[in-house]
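Structures incoming, each one as structure tokens.
In what comes next, subunit A is part of two complexes: it sits with subunit B in the first one and with subunit C in the second one.
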Partner chain A sequence: MEYLVVFLVLVVFLQTRITNLQRAVICLASQSFIIAIACFVLGLSSGNGIHALLPGVLTLVVKVLFIPGAIYRLVGKLKNEREILSASNVNYSTTAAALFLVLGYVIVERLLPGSAGRDIIAASILMIMTGLSLMVLRKRAIIQIVGLITLENGIYLLGLLMTEGLPLVVELGVFLDVLIAVVVLVILTSRMRLSFMTTDTSVMKKLKG
Partner chain B sequence: MDFLLISLLIYLLGTLTIVFPKRIELAAHYLGMLCAVLASGMVAYSSLNYLMNPVDGWLLEASWGSYSLQADAWSAAFLLLTGAAGAMTSIYAIDYGKSYKGNRIRLLSGLWNLFLLSIVAVLLSGDAFTFIVAWELMALVSFLLVNHEAGKKKTVSAAYQYMVMTHIGTAAIMVAFFLIGSSSGSFSFGDMANNELSGFMKNVAFICAFLGFALKSGLMPLHIWLPNAHPAAPSHVSALMSGVMLKVALYGFGRFAFQFIGMDIFWHGLIVMLVGLVSAFLGVLYATMEVDMKRILAYSSVENMGIIFAAFGCGMVMYSMNMTVVCVVAFTAALVHAFSHSLMKGLLFMSAGAVMHSVGSKNIELMGGLIKKMPYTALFTLIGSMALSSLPFTSGLVGEWLTLQSFATLAQQAGTPELRLLVIFAFIMLGLTGATALGCFVRLYGTAFLGRARTNIVDKAHEMPVFMLLGMGLEAVLIVAIGLMPDALVNMVQQVFAGIAAVSIGTPLGLIWGGSGRYALYSPGIIFAVFALIALFVFVAVYRSVSFAGKESTGSLVRRDVTWNCGTIPTSRQQYSATGFSKPLRRAFDGILSPRRSLTYLRKEHAYYGRKLKYELEIPDIFNDRLYKPIQQLMINSSSAFHKIQEGSVRLYIGYTMVAMIVVLIWGVLL
Partner chain C sequence: MNFNIEALIYIILALPVIFSAVAATNLPGRELLHWLNRIFATAVGGAIILLTGSFNPETPYIGEYIYFDALSMWMMIIIGALYFAFAWTSKAYLDRDTNKRYGYLRRFGRLEGRFYALSHIFVWIMLVVVVVNNLGLMWVAIEATTLVSALLVAFKFTRTSLEATWKYVMVCTVGICLALLGTIIVYYIQLNSIGSANPLDWLYLSQHSSEINPAMAKFAFCFLFVGYGTKIGLAPMHAWLPDAHSEAPALTSGLLSGALCICAIYVLIRNIIILMPAVGIDFISSLCLFFGIFTIAAAVSFVVVQRDIKRMLAYSSMENFGLMVAALGLFVPIAAQAMLLHMFNHALVKYSLFYTAGTIMEEYGTKNMMRIHGMMVQVPKTSCFLLLGIVAILGMPPFGIFFSKFYMIYGFFTADHPWLGVISLVLLAGMLIGILYHILRMLGSQPKRRFAGELFGVIDSMVIAGLLAVSFAVSACLSEITVLNRLLECAARIVLGGVA
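Coming up: the complex of A and B.
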């Protein structure tokens, strides 16, 4: 598990530095892949039967294959789209992520001293906050979707660790929720590309009355 | 009494006319009005029966779950008022409402029933929840009725202004109920009467209750919605709103004063009294300045509610000074005037509707000489105007006379110079009010009905159909009947106060004013005799001079013509205009009214002839300028300050969420 956490932190830091949309999606897929492996590890260690494997399988199918696949196809249609921003914005994101990591460890130390999954909790707090900061700081719709899924992954990881397996209905609900949200977002983004010739969300300000 | 519950069902049946199919909309209207007349009649009958034959116990007591109905004598008095005014206005509306054919008439008659239902429900409610629900229903339905002619922009803005104001009032009332209810066993009125509220919170509860009910009854700083809502609403709705809904606010306030808060604190009564006096005077002053018939009547409602609350406040002051027997005079005055005001203001709004229906305008400057075209309406309006200017032989005098009596009683019994000074102030205010009211209604009646036609819109005027005349006529008859025989009403009203726990009176009928042995009532007989005597003198003098002049003129070349017209033929432009008539008053109270005059020369070739000019006069409402506009400005400023953090960018909002989350986490870590 510790290795997984190291990889996860690495991927999340990488996420904050990537400006190319395709690489961002690949990065997202690998991040979800690590979560899926974590699901298998936790599931096999605590549960048995189908319930132990199902979360991992679902994560693999939905978050590793379907969602990044859909976004990747969308990105393929976008020509000359790049997150055009100064290096300082990327640096802010990375610095913020570093601060969030520290914050995560401080929170675990203070609020849950001596808990077993110390590193995992810190990593999930890092993911939640980094996802939020990606949504806030970046302008491209694709990166914002990536931020949303990062946030979602963080919450999911935290939930997985804290509850050691949610009821099946809840898990299915969570996946359906994310799936629908991403489908809607992808459709909206592609509409946006058609209407505005860009996925820069700051052009949407024009729509305000 | 089961009658009341049945009448509620009939109102509900009448409300169902909303869903009738469109092709029988006129039938739906008739059915709805029939239901309203029937149910209102039943309400009036059962409450009159209860008041006439005082029995121990409730007029009605029922409960379903957490909702309960309960009616005592105080409710019964207002139920009688609602039933009587509702029945007569509904009769009027049978014909008046027909003019809304094709203009959502089903909605109008359905909501009319619902409005009456909600008023009756407010009066019947036996706990705070039922009261608030019914009160809110009343507010919403009356909003929809005011908004009925929603095609006009002015109507919509008036309706929304009313909605906002009335909800502020409801909020205040809810606070008062909550404060009292939370310090007593439950929210039923019976338990709330034994509340343990004291000190500061009691004062807060009183202020909130007074604020809420004063707003609904249109007392002066909070009256701002009233002169806008009444002209916007259909006339029968105005009649019901002004005649009944404003009185329901008095009912609620009375409920608070008698049962929940008590009247032990001197300054409570003093505030009510002073606000009432100021509203009475300023209301009638503004009424005299208006030229829109319904705005005149709306401001006159402010005046009359002012008089009613002044009398009520006087009663509260007397009660707080342990004059528990004589304070009944003041409460009787308030209730009697509430009765007569509901009759006369209902009548005048109906006749304003008739005039509008007939000439198509509300501006009295365009009318004149309507008495020849619509004689019956003119007669009824005259009676209503006389009552509103509190002339003898009408119900208007009964209430105002009792009000004056109660103030005199206060001065006589109080004994301290400060209170006597206060009473002198009250007398001055009431005197000014009475005189100005007389001028106001002379102006209204004289300009609209007497003289010559000012414009040709009067030409098409016609008399009203039978049900409209019937509705107005019944109210006029009642006004004169009460004016001639006030004893019956006053005795009945005094019985009401015998049943209210807080006011302890020994023998209400044996109430003798001031130890003089005279009953505190005016006697129409004596006034009638005096008037007859004066009339006789005038008649003899005129007859003699006429016959004298007649002898002189026989056989001579003297032509008999209108006096003082210097041989010219008078035209309608030589008449006093309504604006001109109120000019002296405008001059006298220039400081309060601060009129805005603007004079524009459209053509001016010579200093004295051949010029054309436009004169515009606007009387801004003093509270609108000094109180509401600053508040509005403050709200706009604070909103634009908030606008800085509410930019409409989703990313910004997510950022707020993130920052809030981080702050919470750090806080959690630090603690």
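Coming up: the complex of A and C.
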């Protein structure tokens, strides 16, 4: 598990540095892949029939294959995009991620001192907060979707560790919701490309007050 | 025909899905689709009436995934009433929107099928929210409402509606993810202090709520409150609400404002009942009161400077949700009953107002209230409904909202929060002045603009008048209608933590 945490933190930090959309999606897929492995490890160690394997398999199918696949296809269509890039945002989100890692460990030490899954909890807090910061600091639609999935992955990992996964029906529902969410967001992003000729959300500032 | 409760619940849950599957194929012709829509919604409405008649509020129905008590019944009545109104006004709205001369959707082909499929599925998910027995499934259903209604908000795919939808999905999904975190913590608490039987089952948890360990409960409650509070539209998290309500098609705005946000309040109530003994009533009460009143204050300040009619109505919804949450935080029986009654009244009146606002938008081709004058002269029927609706929503007698608002304010004084009562009265007065100023400007003075003609038809006028009349009749004669009165009393008892 320690290796998984190291890889996870590495991937999340990488996520904050990447500005290329294709690479961001691949990074997301590898992040979900690590979560899937964590699912299998935790599921098999507690080991109770189908509930042990199903979350891992679902994560693999939904979050590693389908979601990045759908976003990747969309990214392929974004060719002549009017880009409004600012490199400073990248540095902000990396700095923020570093702070969140420290914050995660502080929270774990305060709330659950000496618990076994200390590193994983800290990593999931890092993922939740980094996901949020990606959604707030970055302006491009694809990166915001990636941030949303990162946030969701973080909460999922935390749930996996704290309660060994939710009840089966609820877990299926959560996966279904994530799936629909990505479909809806992909539809919206492609409409955005048609209407605004860009997927930079900073052009959308008409509605105020 | 004699159905038992189980059969009725399954019928209610089956019909909207069947219709949306039919509508999604887009095979039936336009007229047939409109009629099927009406027939299915009326059937669901009839089933809900039968269910209300045969359901005994004291004995909840417990199924494998279903838990159905007085509170669920009350919510189902609200959603059913809106569903019925939706079905009978949708044809008029869609005909207008696809009209060759002025309709916005005239450039597109057959959109009715898609619109109906999404809307009926949206209503169906809200019905699911109020009948499931599991906190996790409630979360799943609430998140699903966000996603389905997002496609409805973006239905016209204009630039502004895309912007509104993007904000809606992003803000609500983040909020709802925090609620998921709260739900996971509740599950963790259950595993640690109660045991792994019946995971996240609401009834089981509420029967064992005194065994919950208080240390983590407060933590969980904060996440749940922020999460579902985002969906309700409480003040610091309300950014999505006015955008989504103003950019959605008018019928969807009505459903969003009337049914969706109170579904979030419903789920919050369910969670509060479980966590109440562990967290302590004072903490919950002060959180609800503060955010409730703060929401009203925020809404008032935005209403005064508003130019967009649907945004103004959205802020008026926010004010009402704020009042409901504040009344929930009082934890006195009269306020809880008034809150539930207010949910009903607000849903009906706000639906009719959004529908009227949609009609005005088609008549004048603008949402900007500053460009509309002399409606009284040009479109007397529409202005009559607008005025009635506005008078009703502001809580003036004799309309239904007067009674529910009155009892909620009365609740502030009986619950030893007289100053908060005074503050909310002042804020409500501000709301009244702000909205009446805009509306009377629109109704009065000389017409300066060409308009598309009076667009209120026969059926939709009857539905809108019916909504206003039902809201009035139910609130004014509540003590005479024994079925509803008993139901409301039981539901209020559940809200205050007395599980049936």
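One rule holds in what follows: the second predicted complex is superposed on the first by the 200 of 209 C-alpha atoms of A that agree within 3 Å, B and C clash if a C-alpha of one lies under 4 Å from a C-alpha of the other, contacts with A are read in each partner's own complex, and residues count from 1 in each chain.
The rule is simple: a residue touches a chain if its C-beta (ideal position, glycine included) is under 8 Å from a C-beta of that chain, and two chains touch if they have at least 3 such contacts.
Not measured: the values here are computed from a predicted model.
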item: Superposition on subunit A - do subunit B and subunit C clash or fit; value: clash
item: Which of subunit B and subunit C A:Asp177 touches, first, second, both or neither; value: second
item: Which of subunit B and subunit C A:Arg191 touches, first, second, both or neither; value: second
item: Partner chain in contact with A:Thr201 - subunit B first, subunit C second, else both or neither; value: both
item: Which of subunit B and subunit C A:Met135 touches, first, second, both or neither; value: both
item: Greater residue coverage of subunit A in the superposed arrangement, subunit B or subunit C; value: C
item: Which superposed partner A:Met162 touches (first subunit B, second subunit C, both, neither); value: second
item: First (subunit B), second (subunit C), both or neither touched by A:Glu152; value: second
item: Intersection of the subunit A residues that touch subunit B with those that touch subunit C; value: 132, 135, 144, 201, 205
item: Contacting residues of subunit B [partner subunit A, same complex]; value: 648-652, 654-655, 657-658, 661-662, 665-666, 668-669
item: Complex contacts: residues of subunit C adjacent to subunit A; value: 65, 134, 136-137, 139-141, 143-144, 147-148, 150-151, 154, 157-160, 162-167, 169-170, 173-174, 177, 180-181, 183-185, 187-188, 191, 199-200, 242-243, 246-247, 302, 305-306, 311
item: Complex interface listing, subunit A residues touching subunit C; value: 128, 132, 135, 141, 144, 148, 151-152, 155, 158-159, 162-163, 166-167, 169-170, 173-174, 176-177, 180-181, 184-185, 187-188, 191-192, 195-196, 201, 204-207, 209
item: Interface residues, subunit A side, partner subunit B - complex; value: 103, 106-107, 110-111, 125, 129, 132-133, 135-136, 144, 201, 205, 208
